[in-house]
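Heads up, the thing below is written out as structure tokens.
A, B, C and D label the chains in the order they appear, each numbered from 1.
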Amino acid sequence: MEGKWRWIIEWLTPEDAHLWHIKKIIFQGETEFQKVDIIETRFGKHLLLDGKTQSTEKDEYIYHEALVHPIMFTHPDPRKILILGGGEGATLREVLKHKTVTHITMVDIDKKLIELCQQYLYEWHRGSFQDPKVKLKFTDGRRFLEEEEDSQYDVIILDLTDPTRDSPSARLYTKEFYTLVFKTLKDDGMMVTQATSVRYTTDVFATLYKTIKTVFPIARAYGVFVPAFLSDWGFVIGSKKYDPLQIDRNVLKKRIEARLNGELKYYDEDLHYALFIFGKDIKEVLKKTHRVSTDNDPVYMPI
Amino acid sequence: MEGKWRWIIEWLTPEDAHLWHIKKIIFQGETEFQKVDIIETRFGKHLLLDGKTQSTEKDEYIYHEALVHPIMFTHPDPRKILILGGGEGATLREVLKHKTVTHITMVDIDKKLIELCQQYLYEWHRGSFQDPKVKLKFTDGRRFLEEEEDSQYDVIILDLTDPTRDSPSARLYTKEFYTLVFKTLKDDGMMVTQATSVRYTTDVFATLYKTIKTVFPIARAYGVFVPAFLSDWGFVIGSKKYDPLQIDRNVLKKRIEARLNGELKYYDEDLHYALFIFGKDIKEVLKKTHRVSTDNDPVYMPI
Amino acid sequence: MEGKWRWIIEWLTPEDAHLWHIKKIIFQGETEFQKVDIIETRFGKHLLLDGKTQSTEKDEYIYHEALVHPIMFTHPDPRKILILGGGEGATLREVLKHKTVTHITMVDIDKKLIELCQQYLYEWHRGSFQDPKVKLKFTDGRRFLEEEEDSQYDVIILDLTDPTRDSPSARLYTKEFYTLVFKTLKDDGMMVTQATSVRYTTDVFATLYKTIKTVFPIARAYGVFVPAFLSDWGFVIGSKKYDPLQIDRNVLKKRIEARLNGELKYYDEDLHYALFIFGKDIKEVLKKTHRVSTDNDPVYMPI
Amino acid sequence: MEGKWRWIIEWLTPEDAHLWHIKKIIFQGETEFQKVDIIETRFGKHLLLDGKTQSTEKDEYIYHEALVHPIMFTHPDPRKILILGGGEGATLREVLKHKTVTHITMVDIDKKLIELCQQYLYEWHRGSFQDPKVKLKFTDGRRFLEEEEDSQYDVIILDLTDPTRDSPSARLYTKEFYTLVFKTLKDDGMMVTQATSVRYTTDVFATLYKTIKTVFPIARAYGVFVPAFLSDWGFVIGSKKYDPLQIDRNVLKKRIEARLNGELKYYDEDLHYALFIFGKDIKEVLKKTHRVSTDNDPVYMPI
């Protein structure tokens, strides 16, 4: 311990925090929008924005595969994809594993962050930013959607930072925003969003689930344990037509085999269904929560 | 922060640790076998042995229901139960929810720890130690089994501290020990053990799985996220006859309804199957690990 | 490090703190007035009140000798002594080393704290509470002085906790209070108070010096490094007649020899003068500070 | 606290450490010889080498004035000065305040460190490296002295990192080394070295004092509280002829006035004498320690 003096103290609540030893500093600085730490910890390369772990080299595949593949493999033919956020380029990387995909638009407000990720996080993006199918836009995600024509996308993936009080992401978790997303999706389109921690902020997770349920005919919440988050992480799918729980296991298995361009390290046809199953306690909260996040009364992270 | 000065620093590896603010000190001291902290943190009452979180008031039901019910509901008629460890009395409490049960023997080496739990952890045991079906023995679990006659128990539950290098528990995770357990079980008996962290110590978890697989015809590994452990936690079932994955969902549902004496907060017939499904990465490690833990070469926790 | 999980984090400012490993817990609890930690750290037994280090077994003699002996040896014949605060009994112990002393009244608001100190901190008080010259009163120091007749004491020693915003001590650091002290002293009486950190809270230290200077004809500020405080500690003497800087070194040397009952570990006739000498920077602040702490506008610690 | 995630944990012993919040990162990297952190903490700019605080913007003047002026003002006519170490350039800055000085040679093994200090620590060096009287050499200090002719310098100032086990500085604290220093000094020459913490490592401090006493006819130990070191810091002067305690106060006062080129913030003719006065406890250790640090058996810091 005595030979280790550089640390990150990541606060989970005012009453507990995690100590990460910084083995190596790769980049510490800030963009117009957030403070960036790219360091090396026991999880390998480790990205924090405003002091919050975003993803790490050793386990980012869990988060990114869980975000991308349940929705993408539920959709029978996802061609045109929109990603909001996802600066590390790993969401892009996973989307590009689907042979059906012809166009990906990725929108991030923070150009400098994308440049930092391109420069320092090759293990995440694997050169995906250079793929000819990919178009990058540097603007606010909500404004982008407001100016976009209707019925454009098969799949929209919201890979955003958490809705903290002062974050630019806060307006990307409300009913009004999801209504915009709905409009911009094709008639059989689907969306997925990261939805904060299942257990640390269960009420935020449940509120996002209920909010999406008011906008989309089908809404499905799921979660996965991400080691570097020290927590199971939540996601919510909103869908106009396809239900991830209604797809037949054999159809799904064959679809994965036929469509996959590259390897999966985490997701498969067995995991697909298990992801959506919670214990009685979480099921209860999801059922009993009736709060809807709106522009006037948005849901925020407690810390 | 300035008004908070009493903290636990729980080391997960030499390169990361968790900071727990101590809201209240309930008991700090030691027994003949281990150092005991019973404090109040953001998880409510919080028990640590030798500086490692054992369970907390707010989420102990997750660990204890996941330990007890998959095996108990897989067994069609569990009457005579043996628990090794489980000092908090919560494993006892969950076992007592099965109406079939007629005898429970609980063996723990640490009498003083049991007394502390009886005194301070009512939320865990709920008076279970006083149930007439329960017999307590204070002795080493391995010695107890060596002196026990064959074919005694329907179910044996191993709720032990982790196999660290100097812990009295280390000899309760080897092939020789599981062979003893096998002998003491009836012809259709089953055992389950906690099996350390699925992701922090995957190789220990996989080794325990493989070790039990060499002794029992049926071995099943599963895991569950326990918030206060900051990790998903592993368990392994060894069984002579009944397979938790072969029981029909409707049979299981009816069995739960018929047998249950009390309420479940976490486990149900949907979760049962999902618990056993891992991502591709963990499946791979479980498949590729061939190490068997033996008395001569036991598996240990790295920290 | 991994085997050390119980820690105190003592905040010095919101931007730095000290981590103390708790080797042993002797007592942690609270009285009517404050939270008490009596633990063992690398400084031996270690007393904290409300999370602030008060004194430690290994270096308490530095603080207590520096508090007591400069004033006591400056006074030619101190007989009747009043101590406010000083719960550990070490101030008492040092005062009792002066053969001239016939009566000591010690006033502390916190009876339970005194009992804890008597029980656990023998190394501090060395049985001094039982000395027949000592009279203990459990009441508020300010009220005690208000009810006391004039011109009672040769020496008054203020060994109080810091003037933090909500502390009962805050009213014992104002001009009105020192005026009470003045009245209760004999015509050649003297007082001394601990006066917070010389360098962490120089303005508080300087304000107390200036406040005492408005009440007493002679005021002298001095300081000493106390290792467990991680800082040099300040004191201020107020005197009606005798000046600690005017006493001749040989007179002082002989007085110490003649009067001393017991041993000194820190103070001697050389140190006496050096204590009062500050660097140019502190001298400057002492000169330029004009603030006076009053009941209406008392000086507080920033944290 | 929650908005503060970048911290230095500076270990003082294995049982206590200081937490410094990093307000700003100026430089973190390494040279051939050591790891360098130049950050901003509550002490302003803050330099650490290998995780140990070297000096800070807010209080470096205390250390550097205490290192340089007692010896320089004791010497009646210091012209030719050698500095070993002192990478920040603040020792240089203080030496240049003496009008008598005509030549300064500064020797540091770590060229890159000097460049970093020149670039980032202007508040320390104030451009002193560019003074025409200054000559910089990048080599090992001991080798430099071995190759230097005898009787060259009036004053030699050793501003080195602590003698930790693997540090290049360890060989610059032994009897053999001080003998080299002696040889290189003129017949009335003087040396001073920083001598570790007075109270954290009293035995190292006392050993250095005794070692220098075996080489020089006059040896004087002194100390000063440096806030950012959380400790009083020790120094030892070795002198062939002049004794800092024998100089008359009025002579000293006039010498300061006549010779000074610039301002002092800490040192003056009153402080000069007080610096050398310790409490009885430290005096005792200085008297009773007989260990001499030699090349065969050098003294090391415990951590």
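Please note the rule applied: a contact is a pair of C-beta atoms (placed from the backbone, for glycine too) under 8 Å apart; a residue touches a chain by one contact, two chains touch by 3 or more.
Quantities reported herein were computed from a predicted structural model and do not represent experimental measurements.
Undergrad: So subunit A and subunit D are the same sequence; what rotation in degrees superposes their CA atoms, nearest 5?
TA: Rotation angle between the two copies comes out at 180 degrees.
Undergrad: Are the interface residues of subunit C and subunit D largely the same numbers on each copy, more than half shared, or largely different?
TA: Both copies, subunit C as well as subunit D, present the same residues to each other, with over half of the numbers appearing on both sides.
Undergrad: State, to the nearest whole Å, the distance from the C-alpha centre of subunit A to the C-alpha centre of subunit D.
TA: 54
Undergrad: Please work out the Cα centroid separation of subunit C and subunit D, and write it as a whole number of Å.
TA: Computed from C-alpha means, the inter-chain centre distance equals 33 Å.
Undergrad: In angstrom, rounded to a whole number, how far apart do the mean CA points of subunit A and subunit C lie?
TA: 58
Undergrad: Measure off the straight-line distance from the CA centroid of subunit B to the CA centroid of subunit D, and report it in whole Å.
TA: Roughly 58 Å separates the two chain centres.
Undergrad: Please set out, as single numbers or ranges, the residues of subunit C touching at least two other chains.
TA: Residue numbers touching two or more other chains: 1, 4, 9, 14.
Undergrad: Touching subunit A in the complex: which residues of subunit B?
TA: Contacts found on subunit B: 1, 4, 9, 13-21, 23, 41-42, 59, 61-62, 199-200, 225, 227, 230-232, 264-268, 270-271, 273-274, 277-281.
Undergrad: Subunit B touches which residues of subunit C in the complex?
TA: Checking each residue of subunit C against subunit B gives 1-11, 14, 25, 28-29, 37, 48, 51, 303.
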